[in-house]
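Scrolling down, you'll hit the structures one after another.
Two complexes come next, and they have one chain in common, chain A, joined by chain B in the first and chain C in the second.
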Partner chain A sequence: MEHRALNLLDEALGLDDKAKVWPLGGRVVLVEDCVETTGSFVLHQVLKRCLTPQSPSVVVFVAFSQPFSNYDRILRKLGCNLAAQRDNRRFVFIDMLMLQCPDACEDGLVPLYEKIEKVTCGLAKEKATTIFIDDISLLEVAANGSSNNVLDFLHYCLTLTSEHGCSLVALNHEDIYLNTERPTLSLQLEYLADILVKAEPLATGLATDVHGQLTVLNKETWDGQGSSRNRICNFHFKVKENSVEYFYPGSRA
Partner chain B sequence: MAESICRALRDGALEGEHAPALTIMDSIASPFGLHVFSHILFQHLSHILEGKSQSRGLVIVTFSKSHSFYLELLKRKGVNVASSHKWIHILDCYSDPLGWKDRTSNAGNIANLPLNTSLSSTSCKNVRDSDKLFSSIIELGKGLVGQSKVRFSVAIDSVSEMLRYASISSISGLLSDLRSHDQISSLFWLLHSDLHENRITSVLEYISSMVSRIEPIKQSPDGQKGILENMSFLEQNLRKGKFNIRFKRRNGRVRVMCEEFNIEHSGISFTSISSEDGIINHGFLPKVQFNLQLSEKERTDRANVVLPFEHQGNGQPIQIYDGRRSLIERENEEEPISSGNLQPTVDSGKGEIIYFRDSDDEMPDSDEDPDDDLDI
Partner chain C sequence: MAATKTRSSSFSRNLSAVTYSQSPGLKYGPNGTMFISSGIPDLDKILGGGFSLGSLVMVMEDAEAPHHMLLLRNFMSQGLVHGQPLLYASPSKDPRGFLGTLPNPGSIKDDKSRSRDTNQDGLRIAWQYKKYIGEQQQNLSSNNDGKQEYCNDFDLKKPLERHFLSSVHVDCVGIQDFESLAALHDRCASFLAQVARTDGSISAGRIAIQSFCSPQCKYSNMEWHMLSFIRSLKSMIRVSNAVVIVTFPPSLISPSFCKRLQHMADTLLSVRAIPDEDKELAKLLTGYQDMVGLLNVQKVARLNTQVPIILEATTFSIKLQKRRYLVLECLNQAPIDGSSGTSYGTSGSCSGSTKTGSLDF
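The block that comes next holds the complex of A and B.
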């Protein structure tokens, strides 16, 4: 990974850590967004980072919200050919758009987990899977609205992170759960997440130069070498046609 | 004070009594429950290793963290893992809680690690069955300490996860069965309190003899939507927090203590409260920004204030104008009247209003409508 290519989001995610081959290995990244400010571009950026030649990861993309062609177009603009990566077997796309859980029973998500597990266990030792889920709220729909089943499924994905060094990147819509009395699912996810990325609109309203703000909470990790401290950072972003610009508040006119 | 918790867990249960139980509660505002849990786990383990503790072994029931997490934790603390199988056993409810992995054909994907680099563990494939869970915990504990009267302790790393799999009644049944088992010395568990209804947290609080609550050091001001305003609060809350402990004694006495903890590079450290707002206010009055009561000086000052409608003469007796003539005139013609009570004048030929104050108690002026009694 070239240093000049790193932006504020990469740094906040800890991708600048030279000590590790794949700094997100074993970690859970949760992106929370809302209707006013979509956070899917964070997913796209992490996806692009995963598929760089230097990164050891193989991506399993579980798509509930968009078809493959959508991601292919976006990533092509960012300079990454998903179709080629798919042929290389570095990108596994699981299309869940039309796939509701076949039966209403509680284990409806088991086949999906089995698919992911199959990819993960079939890999060479130095490779690791990164599981993308776009997005959790539609996963909940697929699980017939049972947040418990979603959590079971995510728990099993988590066991893969601790056993095989996989990482999990998931998008969730926070505002869906805002007015419920006890937003258990989104809270549970926040407990699970090692890195929490929140995409929000600016408090002062819309602006042409700034499309929103990101707050990244990078929780402390314990690994063999030692621990990193909890870090929190906040910056603004502007989504452009071929890239996203990140900058600190006040550093742009 | 975190030490006093560890002491209570170390001392264990008296014959014929329930084992001491600790609930560690955190919330998303200060999600350091696992730090506290690991701290207490390690302290308790070192007591067991030194032979100071009543219990001789520890069964860790893992729901939210993997086997490797605990292995790493013990290695970091410098515990000899190779001999750990004598006093520690993990009941693994994390790897495959619902048996999904069993179902998949490519079984054997979890390599069995050699014993000397790993903690001994047994996995549980159906965590919904709390009777089975109970019997496996007891079985594993007995495997550590033998069949005799030697006791062992139990640590459960997330009751919140357990509650996803089973109802509160079966979980509370399981916990109180464990508490009353005569081979269990002490037990502690972690709970994310904001994931559950209040009724569930209070059920668990009833079961436990000690409750520790982890709270953020600063509550972020409500009503601020922007996260930027809260950044400083968040930042502070990421580094430290408040640790409230409630001990329930056998005789019903409750002791509440408060401490501060810091998240450091090497782990968690506890200090006695430093900031002023941490001191528990023992007064009965609610803490407000203004005084509800007057000091002695303020009270005398208030008594000395001369109201504007009273006679403000210098040292002269207070007189009420009676409407007949001006006071100065009266002073000129007659002797000054000694007190507020006027003598009725005999000469009442000219029409005049005569007003007598009933007593000194009557206020010279009041807000009362003077025509209140008129029947119009």
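The block that comes next holds the complex of A and C.
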């Protein structure tokens, strides 16, 4: 069995936990980014980890922002063949780019949830589903601005995490809600998330060597004595075609 | 590919030097993408080749100045010169009249500041009498990235010659009268279907939507409708051979709505006018007299890749060379006393108060 060196992000997400087969099982990971720095590479990396031969996870990818071809190319460069995984039934891609639900959500989000539920419930016991949503703000647009419907949908997905040990990985854009008076959606999401990953540009602006910084808040890490505590990690990253470099501030020559 | 001659020097990057002989308006980019030209040679260079096919370009307007029209005009003209079908939507009363203001391709002669003088004369001939001279002159000089065919210089003082307009399918839509966006959506969909239908050779289409959220449109109070229109337009365009450029006035819409639009954009640009008599800014920048505005590149399309494109500079000055040609130049800060707080990132702010930074776009 090959042992790839875990990087800082993996450690921050708790993927180094040897006690569990799939450390992200039953957890909610929320990635937040902004216009200047996109956080989609975090999704790519977690997706790749999910689809390694060792992990028991089956991925349901709900795409709102990019088509399959985009992810296929990116993941292939990362060393993961999505088309093959799709044939193996470990990867289910749900293309929601054209979804429109103008009035009620009966015609949009409900069938989507049913699809996800079908995949999840049809699995063997030792398998677990990971649901990816690549852009919650676009889900909101598709639901015509009804954040209640979006929240309902997400709550339904969360019940799957508790019942079937699913995990949920979602991307949202933080800066959209900065000027809103009471950003219910964003606040609720942050509350529900077990792991919060924030991608931000450096305060000094963009650079070719450092593309930005990640702040990972991992709630409920068990420290061995049975009590839980939050763990915050902060590090810089540089995105490359076939990998992402993570390093602590100032640790690179 | 067949017409490529031996190039004189090999200093050009391979991907930019390869032009497709069948369709001069297209160029291969990285990651399986294709570029079409923005109509401004400098902007193509900045963006790494041009606008990617299948991408959504958004331009944030200056509320007080029509600088976005400069971008739109060159974009549309370039498409017409390449024989690419065009859909133009505008809130004006007479959208077709705008076609009369499109610039004609010309050439910058006697250019001292940039090293593109060598072949210009011959190139102009090659361009105008292309059918006689044939492909001899194509890909002539590689120090110009082989862009003569791919991207023209446009003379803003000469109107576009009529034969360009008559030979290409041009669709003009006035969006002022539309009650909802469904009609515009249908027009775009049918336009894209037409582009897709020509299967044999790869051809590209261009859609230009001007002043998308402007208040004279009847749907301008339906933010979610507008967002979902842009979203579905983006999904449509992703699977087609076309580029959409949408300009919108960010000051007229709510900040969160504006951020959403920015997130949806693949390539995000913003333009700003600069006031005539701003002593502070004139002291700060060299060549202030020639500038007509500032262009800010906030996001560059990253199709099929996760690597962000980090530009060396994001703010460029828009200049009119000889009052005819649109050129973009890096801002050169004049060497002055230690007011280092205002770097070129924030120098776009027009007034003396530079505190606002780039957030108020």
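By our rule, the second predicted complex is superposed on the first by the 233 of 253 C-alpha atoms of A that agree within 3 Å, B and C clash if a C-alpha of one lies under 4 Å from a C-alpha of the other, contacts with A are read in each partner's own complex, and residues count from 1 in each chain.
Here, a contact is a pair of C-beta atoms (placed from the backbone, for glycine too) under 8 Å apart; a residue touches a chain by one contact, two chains touch by 3 or more.
Only a predicted model underlies this, so the values are computations on that prediction, with no experimental measurement involved.
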Practice task
Sticking to the clash and touch definitions up top, decide whether chain B and chain C on chain A clash or fit.
Solution key: fit
Exercise for the section: Kindly classify A:Tyr191 by the partners it touches after superposition: chain B alone (first), chain C alone (second), both, or neither? Expected result: first
Practice task
Please indicate which partner A:Asn88 is in contact with in the superposed arrangement: first for chain B, second for chain C, both, or neither.
Solution key: neither
Handout entry: First, second, both or neither for A:Lys240, with chain B first and chain C second
Key = second
Practice task
Name the contact category of A:His211: first (chain B only), second (chain C only), both, or neither.
Solution key: second
Practice task
Figure out whether A:Asn148 sits in contact with chain B (first) or chain C (second), or with both, or with neither.
Solution key: first
Exercise for the section: For A:Thr52, decide between first (touching chain B), second (touching chain C), both and neither. Expected result: neither
Problem - Smallest distance from any CA atom of chain C to any CA atom of chain B, in Å, after fitting - result: 13
Problem - On chain A, positions contacted by chain B and by chain C - result: none
Problem - Parts of chain C lying in touch with chain A, wherever the complex brings them together - result: 31-32, 223-225, 227-228, 231-232, 235-236, 238-239, 254-256, 259-260, 262-264, 268, 298-299, 302-308, 310-311, 314, 345
Completion exercise
In their shared complex, chain C is touched by residues of chain A numbered 35-38, 40-41, 44, 66-67, 69-70, 73-74, 77, 97-98, 100, 137-138, 141-142, 144-145, 173, 175-180, 205-208, 211, 239-241, 244
Problem - chain A contact footprint on chain B (complex, rising order) - result: 28, 31, 66, 68-69, 72-73, 76, 94-98, 100-101, 103-104, 106, 109-110, 161, 164, 192, 194-197, 225-229, 231, 234-235, 238-239, 263, 265
Handout entry: Of all residues in chain A, those that touch chain B in their complex
Key = 107, 110, 113-114, 117-118, 121, 148, 151-152, 155-156, 159, 162-163, 182, 184, 187-188, 190-191, 198, 200, 202-203, 213, 215, 217, 220, 222-224, 226-227, 229-230, 232, 234, 249
